[in-house]
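Below you'll find a set of structures to go through.
Next come two complexes, and both contain subunit A; in the first it sits with subunit B, in the second with subunit C.
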Partner chain A sequence: MKRFWLIGLFILVVVGVIAGVILTRVQVYAAPEQPIAYSHQVHVEAGIQCLFCHPSPLKSPLAGIPSVQKCMGCHNVIDTDNPEIQQVASYYESGEPIPWIRVNLQPDFVYFNHQPHLGAGLNCETCHGDVGQMDVTRQTVKMDMGWCLDCHINQSDEKVGRLADCLACHK
Partner chain B sequence: MTKRVSRRDFLKLTAGATVVTGLAPSVRRMVLEPYVQPPEEVLPGEATWYASTCRLCPAGCGIIVRVINGRAKKIEGNPHHPLNQGKLCARGQAGLQILYNPDRLKNAVLQSGGRGSLKFEPLYWSEALDILVDKLETLSNPNRVAFLGGLMPSHLYKLTTRFLSSFGSSSPIIYDLHSALEGRNSTVQLSESLFGSPELPIYDLANAEVIFSFGANFLETWMSPVSQSHAFGTMRQGQLGGRGFLVHFEPRLSATAASADEWIPIKPGAEGYVALAIGRIILEERLGQASSHRPYSILYQNVDVQEMADASQIPVEVLHRFARIFADADQAIAIPGGGLAGQHNGGTSMLAVQALNLLSAQIGRVGGVFLSQPGPTAGFRQNPNPGSFENLSILIERMKSGEIDLLLIYGTNPVFELPTSAGFAEAIASVPYVISFSQFVDETAARADLILPDHTYLESWGYEVPAPGAAKPAVSSQQPVVRPLYDTRSTGDVLLAVAERLGGQVANALPWSDEVDFLQELATELHGSSLGAYDAKTPSSFWALWRQYGGWWTEKEIPREPDISTIVQEPIPVSEPVFDGEENSYPYHLHPYPSITLSDGRGANLPWLQGAPDPMTTVCWGTWVELNPETASSLGVSEDDVVRVISPHGELEAPVVIYPGIRPDVVAIPVGQGHEQFGRFAEQRGSNPIALVASITDPETGSLAWGATRVRIEPTGRKKSLARLESLAGEGRESIG
Partner chain C sequence: MAEIEPRWVLIVDLDRCTGCQACVVACQAENNVPTVGEHETIEGRWLHWIHIERYWEGEYPNIKARFMPVMCQQCTAAPCEPVCPVFATYHTPEGLNAQIYNRCIGTRFCGSACPYKTRTYNWLRPEFPEPLHEQLNPDVTVRSRGLIEKCTFCVQRIRRIEIEAHAQGREPVDGEIQPACVQTCPPDALVFGDLNDPSSRVSQLATSHRSFKLLGELGTDPGVIYLKGGETNV
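Up next is the complex of A and B:
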């Protein structure tokens, strides 16, 4: 009888762990709910380049997100009847930042810098996926250390020593 | 109802909680806030450095502040600044915690529950200004308003003085404890009487071969500690082939004394005797450059070396040795420090010390004494020289007798900083309306009716002429490094707005739309000067460079020799120190000293400074009483025993630190703790030794003789362990707390 209970408990734990792993994965790839229903697809199809709104990955560690003022630069006149746009305008008028939820996130112990990646000729979509096709932005790759290293160790001999070094990212 | 959880249930619950937590999504939600309106030229993720001025003490060091995404992250010394040359002290580093302090006032408040109730009601600025204007307009006479200031930025001092004089009132009265502990007022008076110039002299420590420091803690808090430490480093690294020689006279082994080649634990008040004896011996034995002695022989007419030796308890042979060291050096300086100014005979002792520089012809010579050259910055130098305690006592009397209807207080906390016996707390109670401009509710602001909080220095504009200055004529500029965090308002702008509302003469005297307008007009006066380290084509580009550099200074050093032609040749008086308290009932001298971290208490609300251990005792977060081992054993107390220190004017209790570096007849207690108000980090921690001090003044200078009180000590039988890193008894590291 006791043994039966133990097996039951064991199965429960295994199921729990598997469910946990699956749930976590689902969470990673799920698009977080944003304060405003913003669509990258609409903007990209309108012909706007990534670097117009995210201006600094070529010169700074961060890509940057557009200021509310920048949104209003166009939306003063474009699609002003849309309730979502009106919400953007109300943030601007009250001087409050829009509390976007981060989609791609590195933990605090990783020093990620956009600049050298773009310098090495990577495109935005290499890591961020085809954002231009996304109505709601979500993560397309789980940006863990294995994934980073997949690329970092497949480099030419003179680079690999530097790029596979712990201190390249964990300073 | 309480439900008891059995051990078994507890384990089950824990196991359950662990499984549930394991299943919870491991993804963090993080909010990403964009700028609403991005500042120009800000690159996300890249630091911007803004140059400004440190305001943690009156020295006025140049700082640069690292700002990322609109947040100030780190303060460093400005490497171009001629005063501190890229260095900064611990207090300067801790300035960030003023900006981010959780106890800051976030808007103008009215103390609606009555003074001391600490019940505050927020006000709109327009309402607050209405009250201020109304109070000024309904005064029966403009002399019934008084402005009490402490560490004020120079531009605010200028605006305030203009405001008050056009209103028909007298200038601000400046007094703060830090300046009193440094002896600023007495030093200025001494320079005025010797050199005809009321300012702080600059001692060329870097090029000195021998330094005799009489109570000048020049590596800790005295005057301009960062630039002096830098100069001391240069002296030690042997510019002249040697490593220099420092003798420090002080009753207690301070950090400066510990850096000296010789420390003389001098009897309090006897410093002047030593200086006189050294001078007399140099003259009598024609030591050093005898040719320069003749004009000064009259100064030492009344001095008898044996008498001085007896009075100072320093043997004649030792005095002879010092005389020879001082006279034989090519560059020797004697510095009259703050410890002297805090004695009843401070003025004469300081004169006796400065006279050594005259005797050895060190005035205006390399490795000697200079004054700071204003050059083209003369227009900026309406510097608020701290007034004497006597001046302040007059104000206190006027307040008590009901002659003041409106008191305005900026940048000083007299309720905490003055001895209880000065009676400020009673005097302020008899003033009908009190307005404070403090950023925090300190002891004085708690007794105000209205508080109009100024921005912190990292959010505000201004400038300061460093005093004592640097070898180059310089002005340090101040600019906001971040936008104001809260709805506070610059006091300069408050005054300008009030002036506009009052109209008439006052509005005419203050025609600027805001303080930046005023500053810009003043700063661009320097535009076009050929002496500057930089120049610009137009006034507006000059204004940009002024902010970028953190001020203006000349490219080259321009020394200024003090004028000694008018020195009155008369014997230096030998004056005996006077102490408050009968020697029989109060056998020990109380030696309060400024804390290297909290200074006079203004740093007590900054946890970084509270947590920085004192360099000599390694104690943090508290007050302690330093006793010589001999004294401690005669009292029967040991380390961490709580003792009661009693003066004729008050008493305090604190644990003992047994400290061999102190005279047996002296008890030292650091200043800075013992706040009743001033935020969560400062309140109800330690005690304030200044409260015990007698309000006696030096008759020469009118300065507070803060070192002239005697105390007695009683063991309480209790123990309280101090937070300290190490014990002096060589017991190695101990735990904190």
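Up next is the complex of A and C:
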């Protein structure tokens, strides 16, 4: 009888751990609900480059989220009957920024800078996945320390000392 | 990339220092150091990355005050490093004594091992009363309760200038990198630079006959070099 309980407890713990792992993964990869149903796919298929709306990763730590003014630069005339676009217009008229929910977020103790990564020849897609095919934007990789180190540790001898140093990313 | 890694050094000219504490304030603002208040400080729970030691010399009325800013000395043979059980503090290739906050578990062994007492511990949950929370530096972690923190030589500024310079295909020039204390110091008593560069300002000042290292007899080989010679202090 005692043995039966022990096996039961064991199975419960294993199931709990597996469920926990799956739930955290689901949470990471789930697309957050945005205030406006924005589709990257529609914009990329219309021929707009990443750097048109996210202009600064080549020269600054952050890529940048476009201002409402930039959205309205095109949507003053394009697709003005769409209720989502009218919502953008109402943000524009009220002078409020659109409260977008951030999709790729690093924790407070991580220093990340886009510039040296693009300078080293990486593309946006290397880390962000094929955003141009996404109707709803979501994270495609779990951006944890192991994932960062996968690249940083496989560098040439003169670079690896600097890139695998804790202070390269921690602050 | 540089052929030899830099050795960052801070020169503190005690003949110029007036003890004005501007460096302390600048450090506090740059590095998100919380203010703990008078009561906690009296209890020995102060939080400062730089503290100004004050000495009285002579007898009244011929009395002189001498000041000595003491920050983490970034020792080459740092006593704090081997005692850390979780490798939260270690030596970087640039000779900096790094503290990785999210690794620290708060044993305070490093604080006990440090002969300069420059490692401070977050005894309480840090609070940034309004409007201070508006000016937190995004390039520096906001530390939580239960971990040790200390001067980093403003590594976020070193890193930013290095990334900018490398993007332009050059090395940072002497004097381009300035920690917050150096930038602020009104009498220009603090100089920061690379000791491995023989033409840098710190290399020339380090060979001055006035230079000495704090508790040099311990053999820690600090990265902070003091200058003291004349009777010019306040």
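One rule holds for everything that comes next: the second predicted complex is superposed on the first by the 167 of 171 C-alpha atoms of A that agree within 3 Å, B and C clash if a C-alpha of one lies under 4 Å from a C-alpha of the other, contacts with A are read in each partner's own complex, and residues count from 1 in each chain.
Operating definition for what follows: contacts are C-beta pairs under 8 Å (C-beta built on N, C-alpha and C of every residue); 3 or more make two chains touch, one makes a residue touch a chain.
None of the values given here were measured: they were computed from a predicted structure.
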Is this a clash or a fit when subunit B and subunit C both end up on subunit A? clash
By residue count, which of the two partners contacts subunit A more extensively, subunit B or subunit C? B
Can A:Q69 be said to touch subunit B (first), subunit C (second), both, or neither? first
Would you check which partner chain A:P97 touches, where first means subunit B only, second means subunit C only, and both and neither mean what they say? first
Please indicate which partner A:P32 is in contact with in the superposed arrangement: first for subunit B, second for subunit C, both, or neither. first
Applying the touch criterion given at the start, work out whether A:F112 contacts subunit B, subunit C, both or neither, answering first, second, both or neither. neither
Determine, for the stretches 38-46, 92-100 or 164-172 of subunit C, which one clashes with subunit B when the structures are superposed. 38-46
Intersection of the subunit A residues that touch subunit B with those that touch subunit C: 59
Within the complex, which stretch of subunit B touches subunit A? 19, 22-23, 25-38, 43-46
Can you name the residues of subunit A that touch subunit B in the complex? 13, 16-17, 19-20, 23-24, 27-28, 32, 56, 59-70, 91-92, 95-102, 105
Can you list the subunit A residues touching subunit C in their complex? 59, 107-109, 111, 113, 115-116, 119, 158-159, 161-162, 165-167, 170-171
Residue ranges of subunit C in contact with subunit A within the complex: 1, 90, 92-93, 96, 98, 100-103, 139-142, 155-156, 159, 163, 166-167
